[in-house]
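Letters A, B and C name the chains as they come in the text, with residue numbers starting at 1 for each one.
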Amino acid sequence: MAATADIAQANTQAAQTAERWRAVRYLFLIFLGFWLLFTLFPLYFMAITAFKSAAETNLTQPTFWPQEWFPENFVGVFAEPTNFSALVDSFIIATGNTLLSLLLGSLAGYAFARFPRQAGGENMAFWMLSNRMFPPVAILVPMFFLFDNTPWGTDSHISLIILYLVFNLPLATWLMMVFFRDVPHELEEAAYLDGWKPLRAFVKVTLPLVLPGMISVAMLCWIFAWNEYLFANLFVGSDVRTYTIVIPTFTHGSQTLWNLQMAFSLIAMIPPVVLFIVLRRYMVRGLSLGVVKG
Amino acid sequence: MANITIEGLCKGWDFPVIDDLSVEIEEGEFFVVVGPSGIGKTTLLRLIAGLESADRGRILLGEREVTHLPPYRRRVAMTFESYALYPHLTVFENISSPLRARKKDRATIERRVKAVAQLLRIDHLLDRKPGQVSGGQKQRTALGRTLVADPEVFLLDEPISHLDAKIRQDLRMQFHTLEELRRVATLYVTHDYAEALSLGDRIGVMGNGGKLVQIGSARELFERPKALFVAEHLGQPTINAIPSILQEENGSLFACAENAALRLALSPQQSQRLNGGAKRRIVLGLRPQHVRPADELRGRDSEIDAQIDIFEALGSNGIIITKAGGVTITGLTHPERHFEPGQDLRLAIDTEALHIFDAETGLSLLEEPRWQG
Amino acid sequence: MTPERKEAVVSEIVRGTPSTYPAWFSARKRSKPLIVSRRVPILLVGLPVLVLLAIVIYPTIWMFYHSLRDTNINHLFSGEHASVGLENYRTVLSSERFHDSLWHLALYLFFGACLQVLLGTLLALIIYEYLKSNLARALILILLVLPMMLPPSIVGTLWRFLLTPSNGAINQALLDLGIISSHIEWFNAGVSLWSIIIADVWNWTALPLLIVYSGRVSLPPAVYEAARVDGAGQWKVLRRITLPMLKEVIAIAFILRFTDAFKFVDLVYVMTSGGPAQSSELPTYIAFQRGIREFAIGEAAAYAIIIFAISAIIVTLFLKYMKRVMKAQGLA
């Protein structure tokens, strides 16, 4: 008798817990829904604003659906030729910096992965990484005057390509080290024994195996350089203008041209979004500095 | 085609790993290095392959000194314990790698890879990637990559240790029959004594400090171990090692187990070899196959009283673990017999086959002291 | 004990080298590698290290030097600036403006970094536990990550646009939903910092979310099956299994956000320019403002060095922890 009572009691208890968990579950799902709304509403508003007329964006009561569709905004953005050249400038700087970061980072990353002792040990690797974590405030002012004294000046592609190494080179080095470590040393050794010389062994065996990692590092560096704002804002502006510093300047007289600004933003966010969707798995590894396998 | 000559080879990192090792392996010889894990066997192979540089000593392939040559100038082929197959290449491309490195023409590559693959029975897998074949097939691919290279020396590092028992047996047989391996000097490293005894023309037992404690044929090592370490490492079940003291009584020697009531008479030959030496501390080595229930073994045996601790009936023999005078002694019996734990029995010991080692140095007192510690 | 023997024993204790090691071992020189010369790794690492020395270490030293001098733009290049000792530091450390900015930084660190990690973890676990279809998970992850792909200048202008007090979309939406009855002045003193924090949470919560989600995906299912067999409730599973096993991953996400927070300044630039009346300034922003807009280089340098020193402590602590995590995973 007592036993049956116990079981019955246990059953009600279990039922109660289950009931409570169902409630919690709904609470959590509501929260997730709220967060989706919070995340997507600004993007949604950005998108519809891009299709509005300039007049509609300045109504005293903002509309949540365009009264009239103006897809020509996306063309109108480029009526100002500097806007297109800003995308080109950004592209040149991001790509140049990525190539440089990847080249230098792969060299050091390979050395850290294969010859940790000769390359200065893990402390050296961590020092490299720490450069990414420090605030750039200490370097910007002196670098400004340093570049001012070079023949190409601060307002040039090359100044930003070099400056962006501050954050992308440590990242590329560190991540390439992580990816090179994933390739067992013995594979290269087997290649030596097969008769391949070191460089050939690297090209035949290690490089193909590390290539996916390398591509994801490149993409990550590219996105960071493409989206950089602070350095660009201080260094360039007249000869060279990256799209990130152009965006806050869409004004006509005292009026901000929100519709064109949002249309331009939408265009500029396409490359990073596409890269992210394609390389999502590798991105997580890169964003977490190699600690979390995506 | 060449001998491998190793003279005074030394290598250490934070501690010495290979210490003054000298050995000569002849052309066509299958030389097995056996020893516990982590003792430096792989380091020895890596030194010969040129993946590590020696701190001291010389390595010669034939007349040519290769001590300071990188691996790609040595004509040495090696299989790795981890197989080290290129995961992005097919089995065919893996096997053909040494040929491509030497810039052979396509037809030759095709022909030789096909031949080796057929020999190793992996010719149906040539288009697969290493990730798509089984462990045994991976090992065959790795072996194929070394066979096709036509080297002066084969180095095989634990080639079959990580495979299932049946495939292991299968590949072991193949090592016996592979012509290519029998034409050149082969150095085979394993921790498994059975593999060593089965495959080696000669066997070197590697002990602490990276020395070859004893080199010899399987029979030599098994029957006349020069050190307790060798005796303990070869043979299953492990040899009984009983710390004892020599005592003399009426002109003949006895071995008395320390702190126990076990006493064995030594044969006149053994007594003569030991040359007196009463009160000396020794370790008595007694192989389980020389310990049997008294009704199974007859002849010049000592008999002692014992009690069964554990009885294991295996397929081809039975193992009895007994207590005799406070000492645990392992012996063998017929598998179809049956013993109960606690059961008393009389054990016969073939004292002719006793091994006697010095308690301090672990060296055999019966064999010629050729090896110095 | 003879002196020699004593020496041998001492050396054994100190260096861990038993005196019984063979003679060649102590006498040996480091053997030359056969495959890749010892110089190659140094060359490989040398180039990137030189670059970083030039663009990170040199400027830092430059800043440190000028933090001790009364440098301004007029005599920066003529070299007529004089040493003022620690005067610049005294000015900075005693200024009301710096104290306020530190308080702003503290608020931002808590809500900008900690809250993001908290929310990100919560969302990651909700998505993993309650959404069972892989397609739904992937879709929601991609949607939630979109803000992270935007540059700070877009995020800043977008939120300035959304939060426009008079006719901004957020105020209008909140009014329509009946949550507020009159416009919120998002860019007034005391509120503008929170506007920046909201924009930053919107921008970066996805990073901890992604990292924790990936960490959760790679946890071994066997552990959860065992817990289910034992009849452990969901709460217990979360507290005893999931969170402890995700500890390192969450810590890494936190480290990344926290160090980024110290570098954070661009949204301040775009959204409020530190205003109104310096009410949303962060130390870094003041350093830029004083150095590059107002050319008080000595004072800006003192700001920079103070910020650098604070973050050096934090980065060192964090890297120590990361080293441990990576060691445990066999990565370092």
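We take it that contacts are C-beta pairs under 8 Å (C-beta built on N, C-alpha and C of every residue); 3 or more make two chains touch, one makes a residue touch a chain.
Please read these numbers as outputs of a predicted model, since none were measured by experiment.
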- Most contact pairs found between chains A-C
- Message: Measuring between Cα centroids, what's the chain most distant from chain C?
- Response: B
- Whole-Å separation of chain centres (CA-atom averages), chain A against chain B: 56
- Note on the structure: Note: chain C sits from chain A at a C-alpha centroid distance in Å of 15
- Task: Note the residues in chain C that touch 2 or more other chains, in rising order.
- Result: 35
- Item | chain A, residues touching no fewer than two other chains | 192
- Task: Please set out, as single numbers or ranges, the residues of chain B touching at least two other chains.
- Result: 50-51, 70-71
- chain A contacts chain B in the complex at 184, 186-187, 189-197, 200, 205, 208-209
- Message: Quick check on the complex: what are the chain B residues that touch chain A?
- Response: 49-51, 70-72, 76-78, 80, 82, 84-88, 97-98, 101-102, 145, 149
- Message: Quick check: in the complex, which residue numbers of chain C touch chain A?
- Response: 35-36, 38, 40-42, 44-45, 47-49, 51-52, 55-56, 58-60, 62-63, 76, 119, 122-123, 126-127, 130, 138, 140-147, 149-154, 156-159, 161-162, 166-169, 172-173, 202, 207, 210-211, 214-215, 218, 233-234, 248-249, 252-253, 256, 259, 262-263, 265-266, 269-270, 284, 287-288, 291-292, 297, 300-301, 303-305, 307-308, 311-312, 315-316, 318-319, 322-323, 325-326, 329, 331-332
- Parts of chain B lying in touch with chain C, wherever the complex brings them together: 10-12, 15-16, 19-20, 50-56, 68-71
- chain B touches which residues of chain C in the complex? 21-22, 24-25, 28-29, 31-35
